[in-house]
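Right, I'll just put the structure down here and ask away after.
Which chain is which? They are A, B, C, D and E, in the order written, and residues in each are numbered from 1.
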Amino acid sequence: SNDAEGSSEATETEDGKQIVTFWHAMGGASQEALDKIVASYNESQDEVEVRAEFQGTYDEALTKFHSVAGTDSAPTMIQVFEIGTMSMVNSGHIEPIQKFIDEDGYDMGHLEENIVNYYKIDDQFYSMPFNSSTPVMFYNKDAFEEAGLDPENPPQTFEEVEAASKAIVESNPEMKGFALQAYGWLFEQLLANQGALLLNEDNGRSGVATEIGFTEEQGKSIFEWVERMNTDGTFANYGTNGDNMLAGFLAEDVSMFLQSSANSRDLIDNAPFEVGVAFLPHPENVEREGVVIGGASLWMSEGKEEAEQKAAWDFMKYLQSPEIQAQWHTDTGYFAINPAAYEEELAVEMHEENPQLKVTVEQLQATNPSYATQGAVMDMIPEERKIIETALESVFNGGDVDTTYQTAIEQLNAAIETANKARGE
Amino acid sequence: MRIPFGRKIVTYLLLIAAAFLVFTPTMMAVVMSFMTNQDIMTGSLPSAFSLDNYRRAFEQFPLLHYVINSFLVSIAIMIGQLILASLAAYAFVFLEFKGRDFLFYLFIATMMVPFEASIIPNFHTIRDLGWIDQYTGLTIPFFAMAFGTFLLRQNFKQIPKELREASQIAGMGDVKFYLKVVLPVAKTSLITLGVYGFLTSWNMYLWPLLATTNDNVRTVQIGLRQLQSQEQMNDWGVIMAGAVIVIIPTLILLFLGQKKLQRGLTEGALK
Amino acid sequence: MTAVITQEDQALFVRTKRKQRYKQFIKGILFLLPSIALFSVFLFYPLLRTIYLSFFLTDASGATTVFVGWDNFVTLFQSTIFQQSIKSTFLFVLYTVPLTIVISLFLAIIANEKLKGIGFFRTIFSSTMGISVAAASVFWLYLFHPTIGFLNIIMDTFGLEKVGWLTDPSWALIAVAVTTIWMNIGFTFLILLGGLQSIDKYLYESADVDGAGYFYKLRRITIPMLSPTLFFVVTVTIINAFQTFGQVDILTQGGPQNATNLMVYSIYREAFTNYQFGSASAQAIILFIIILLMTIIQFKLGERKVHYQ
Amino acid sequence: MSYIELKDITKSYHAGNNILEQINLTIEKGEFFVLVGPSGSGKSTLLRMIAGLEDITDGVLKMNEKVVNHLQPKDRNLSMVFQNYALYPHLSVEQNILFGLKAKKVSKAEQQKRLKETAEMMGLSELLDRKPRQLSGGQRQRVALARSVVSEAPLCLMDEPLSNLDAKLRAQMRVEIRRLQKQLGLTLIYVTHDQVEAMTMGDRIMVLNDGEIQQVGKPITLYNEPANLFVASFIGSPKMNMGKTEIKDVSNFLVNKTLSFSADVRMQKAFQVHKNIIAGIRPEHIQPAIHQEATHSLEVIHVEQLGNETSLALDVGGELWTAKWPGQWDITAGNQLEVYISTEHLSFFDAQTEALIRPASFSGHGEVQAI
Amino acid sequence: MSYIELKDITKSYHAGNNILEQINLTIEKGEFFVLVGPSGSGKSTLLRMIAGLEDITDGVLKMNEKVVNHLQPKDRNLSMVFQNYALYPHLSVEQNILFGLKAKKVSKAEQQKRLKETAEMMGLSELLDRKPRQLSGGQRQRVALARSVVSEAPLCLMDEPLSNLDAKLRAQMRVEIRRLQKQLGLTLIYVTHDQVEAMTMGDRIMVLNDGEIQQVGKPITLYNEPANLFVASFIGSPKMNMGKTEIKDVSNFLVNKTLSFSADVRMQKAFQVHKNIIAGIRPEHIQPAIHQEATHSLEVIHVEQLGNETSLALDVGGELWTAKWPGQWDITAGNQLEVYISTEHLSFFDAQTEALIRPASFSGHGEVQAI
């Protein structure tokens, strides 16, 4: 156990470099990409050494941070998913990066507007955006063609999706038209796309939310949409499991589905057919509002030495640079938070090769900045998602929309109440 | 005694059928580990076999280092559990004292505390003890084991009481009786428990993840988890390759362990 | 009768008896000390803490914020989700425990023969205990895949309707149970095999001579002589079934429609994603009490039937 | 110097059902004390209580003048041969034998010396590396015996240590055990079912029946003057023949309504005191009428040739009596046999109290001879 | 009608080390066949092979004319009393006894009937509800015996079934077993160490030593005409006295350089054929010089009173010989004793081949008598 010591206590390497511990939740290919960036940073200068340490899933990493926050074991910086934002703010163990922005006179203006919108709370930056993605609709161009649909003109609205689904199923009974993962995040996105708020108090951004912010019509529209496709027999049920849905899509069992844009590269590479990427659909009777940013941001621990924090800040800035963002974007499929990255050769090349990838960027840029697309902030979001998922599954399995919706709303409001109470405020 | 031919055939048939059923999922994983991700995801039959997944699994995390850590941790836990559980079981079976039954039920009760419910307080404890990123933090919390104590108690109860009496007459104290008679006679269950202890430690994920912050003392399951990503499509071939690599040592251990499970040590002990 | 025992003797008896009892007690405690010490730190303390937490609301880091008394419990018992969770848990125990034991016993019995290559089969049968929950769940996730999964492909070839193993609420719990049984087989098999191995072979010889057939021996000798091991296995399998977590997390995440929202999974979610440590603790306490009751019943009813040497 | 003293020792497994009833007994240092009694009479239990393996329900057990009721077995400094051997299945014969010595930290050299001697004595030298399950029944028993012998503890408890050995080996072992016991001055409590062992080895014998002491005494005393019917029929093999006795007239009495004997004065008095009397005669005292004149004639029911002697089942008023004659007699069942029975050889017991009234007399007969 | 036939049966646990060596044997239906031999000679192994519990390394085992080498024990239709009892620890005495009957689906009524009879016969009626561990050694053995008896299987194998019973009970059991065997026409193979059992129960006895058959024959034949030195010393207790024999002159020979006898013509011839001769005489044939004139005078080393007989250790040329006289003789160790030894009672063996040259003769002596 001898060589194990030090890492959490020592803040400098033997040759005097400032150590920055960086906890993240990136597994698989993303970890490879991240490690590459960290290595390049460590090589690019000789003052700071960043140590990127995997801490499990977002949930696990966050739980662990909460447990060690304020002690020596806490890392210098940590990656936290977007819905952990409020709990980080409330934890009291973080240093808002606004402090460093101000000290440094750093300009966040060059970052993607929508991303900035999400992470700016009460007009200040608590954390540095890092890996971001939005949901898009993937579709099977070959199947579209077979069904006599225009592969270059994917459905835009719920109703168009339904129609396309019918056409697909008609042309190929083996294939379902559309799949929606029972995933709270997608529900939130579909709400936002209608311009609906998830929580009141402007999605919790003007004050502490006290109940849900969407109307019955807005909320039910999604359930009803699914129900209609279910009755048509065009809907494929993959439950809560995203991997299953991806496999179903690749195995040509379903022709359209919604998923994070971060999957684009992998899908295009692995599909034995032409993959199309489209904007998130919306009900016919409302305008498209746009999407909310998802993903994670980087947080600074409180109580660390200034030098250490400075070093971490330097690394964060490094991550913003167009070259790094271009590389990150091409390696992983996450957005470049710095739009300048898209001008980089690397990104340009890739977009030329796979023009579908541009759609994700376009969708983000076509988003109307509003409270709805800023996204909701509250510490009960994870619970909200679970409730929504259960409701979705219920509808998927033919449950009654009205009762399902009513139950879900009751549970949501109760959860909000408890969360507010638990904060002891 | 010879087993009759007919029964032999039937037994073999049953064995083969059962082995096939039990091993299919594992076998499937092995096959997948040689397949390309595209084949896996589209559900098609393997178009090509390659070792690519293994190469990538080895590249992705310091596998050997993790395996060594896992071995150290698992062996330490196994030994610790064997010692503590056998000591406790001995007391529950061979020593008579007030409150023994109460303590036994208390031990059993500990099995009912869901691990997930105690993980945070325990994490705080090792944090306060400064055991994070230490082998101590990874091992010591698991030394005491109600489950093992229970298993060994059941087994120790089967030891004929004459053996204890003979030892008492020979002037042997409890410690010596425990070492010289109980442990060797209960070899079978010690091995079973040892294998179990080793494998559960080997397969632990959540605790090692919490108790370590960096690669120095991390174990293979964390490595395996690093092969999976959350928001992106998983490379199942690589994940399966990693799983297969991690399973191989355990299969070897099981093979050796079951060889030691020899018939009936108590046999012929007594008239 | 006690006439010959003098007063002194009597006093001496009492004294030595007391001394001996004291000595035995000390000895017992010494043997148990390492376990007790570790249990106190890593189990009893958390348990007490859990009890304490169950009366509070907490913030994200698990610090108590508001004392709510029995509210957490009251809320739970009123919650349909929690009721469903208890129901699922009991169903799950009912699905998994008997099958695990019957299958493992069957495997242990056929693998207990002295045949060539039996080591290979024993390794295969115990192999599932060498596979971590995460890996095993992933294997089954694939087997259960609605379209490319092995199971549905088989169903398809036999002309049966495909089953939404993990998405259909009436199947999901069964699917998780199947996975769990598969995972438990290895370990249960190994324990039972160990138990079978330590049955004195004279008993079988004696039965052979008595003209007992295979199943008669199984029923009258093997099972009773195995009863301590069986008792252990049943107790442990029940407790483990109540505490199932990993499979659920990977396969269904409690869905569909909370059909597989087993108690520990529910606890886990409540604590680690919702940060409601108070409510999670209350659930843990309820689970603890349920298992405790079940085990007490088991010991009261079961251990009487167990034959020790 | 009393070494072991039992005062009112009582044992019960279930309240109200005493296995041993108020046992009072003193065993001297260096004594060879034999315990006999029917199966289930409590011999093993008594031994186990002395060893400290069984709780004493009531009464006081003293060793060396000290009360040891609550002393642990390991502190009693004794060795024991268990009726069921209790060998350690995981240890080889050698390790089994040395087990106790190792526990007592006897020096290696001494261990080896004693092991060698004992193994030789028991005929186990070839088997030292075997595990118990690879031994025959008799071999296991010898290991159990060796384990006790090797310890040289001052008190040895042996529970039928020779029951599974053949006659030849048993004779040899008898001599060896007796020699060792004398040589080391051991106190030995020895349970046996073998008449020869009981008679030849013991300094004293105790007869136990149903948890109660029937008689304690020198072997020959028990044989010649059994305290009661039970002892009379238990000691001696084949067992003593018994018959109801009735007075025919003043000077004659009838046994089993068949055999008539003349009654002397003492007998006549006895008949006045005791209502019902049972007469007993040992099989060897129903003698062939060769050197004496025949006194009775009896029908032979069954003849058994034992080689060195012949056992005859004779009909005595409807009951089967046994006679045992040395040598091989060519007698055919069904014939009448002329026998000589002396009144002197009859023992008399009260049928009610079962106690001895008058033992057989052994004086004035050719067979007791001083040269 | 040969019921069991063993042809060249060989057994080894480890190659090259034969426990049983080419056993050839035929047992008739309804025969009571006794197996004796020293501890470890392979008796239990032979029994276990007949039962099918032990693989037959080599040779053929036939039952009812059929080869059964590979037949399962349960298909051999036999019952067995194990030397170590092999009771089911988890079953009560009653269940233990009925185990086999239930397995064979004997009707409930029949079960109860047989149980009652057997339990009564074995004295187990009171103990039916006990578990084996609550029984005494002898009680356990009786349960084991009862289990075999109750099955009424046509072939019974019994491995020292009475070793832990007291003499009285044993005598009773002997009679019962013999009666049952006769009554049901059972074939019984019976291992025992007890001379009386062997001599009185068996139709034939087989003596085994070191895995080899020494002699098979009627009990009395084995006693009177032991095939070799081993049988001579093994059968009979105390064992036969042996001494080296030398020719002094044409008509005289010396045993152990001490006892001189006159040699008849046959003896003289024998001395010409065999170089070294050993003479043997049974203890009961060294007789008191009462009715005959003394032939020799020997020093008494040791006297043991067995009650019904007296055992004398006598010095014969430096070796200890045993004499056994019926009754109780008051003889003091150290004295010279006048004894009568008849040449007729001497058996002669070739010292090299160990084979019998001439058995003792039993004709023309008072003890063999026809009335």
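Criterion: contacts are C-beta pairs under 8 Å (C-beta built on N, C-alpha and C of every residue); 3 or more make two chains touch, one makes a residue touch a chain.
Molecules present, by chain and UniProt name: B = Lactose transport system permease protein LacG; C = Carbohydrate ABC transporter permease; D, E = Trehalose import ATP-binding protein SugC.
As the structure is a prediction and not an experimental result, all values here were calculated from the model.
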{"item": "Partner chains shared by chain C and chain D (touch criterion as defined above)", "value": "B, E"}
{"item": "Pair of chains whose C-beta contact count is the highest in the structure", "value": "B-C"}
{"item": "Chain located farthest away, centre of chain D as origin (C-alpha)", "value": "A"}
{"item": "Centre distance in Å when chain C and chain E are each reduced to the mean of their C-alpha atoms", "value": "58"}
{"item": "Chain centre separation (chain A, chain C; CA means) in Å", "value": "38"}
{"item": "Rounded Å distance, chain A centre to chain B centre (Cα mean)", "value": "38"}
{"item": "Overlap residues in chain E, where contacts from two or more other chains coincide", "value": "52-53, 72-73, 83-84"}
{"item": "Numbers and ranges of chain A residues touching at least 2 other chains", "value": "60, 63, 67, 243, 247, 251"}
{"item": "Numbers and ranges of chain B residues touching at least 2 other chains", "value": "1, 42-43, 120, 160, 225, 265-268, 270-271"}
{"item": "Footprint of chain C on chain D - complex, ascending", "value": "7-8, 10, 22, 58-60, 67, 69-72"}
{"item": "Complex interface listing, chain D residues touching chain E", "value": "13, 36-40, 43-45, 83-84, 123, 134-139, 141-142, 159-160, 163-171, 193-196, 199-200, 219-220, 223-224, 233-239, 282-284, 288, 290-291, 304-309, 311, 324-332, 335-338, 362, 365-371"}
{"item": "Complex contacts: residues of chain C adjacent to chain D", "value": "1-5, 9, 12-13, 16-17, 20"}
{"item": "Interface residues, chain C side, partner chain A - complex", "value": "57-62, 65-66, 81, 141, 145-148, 164, 166-169, 252-258, 269, 272-276, 278-279"}
{"item": "Residue ranges of chain A touching chain C (in the complex, touch as defined)", "value": "59-60, 63, 66-67, 69, 87, 90-91, 93, 182, 236-241, 243-244, 247-248, 251, 253, 379-380, 382-383, 386, 389-390, 393-394, 396-397, 399, 411, 415, 418, 421-424"}
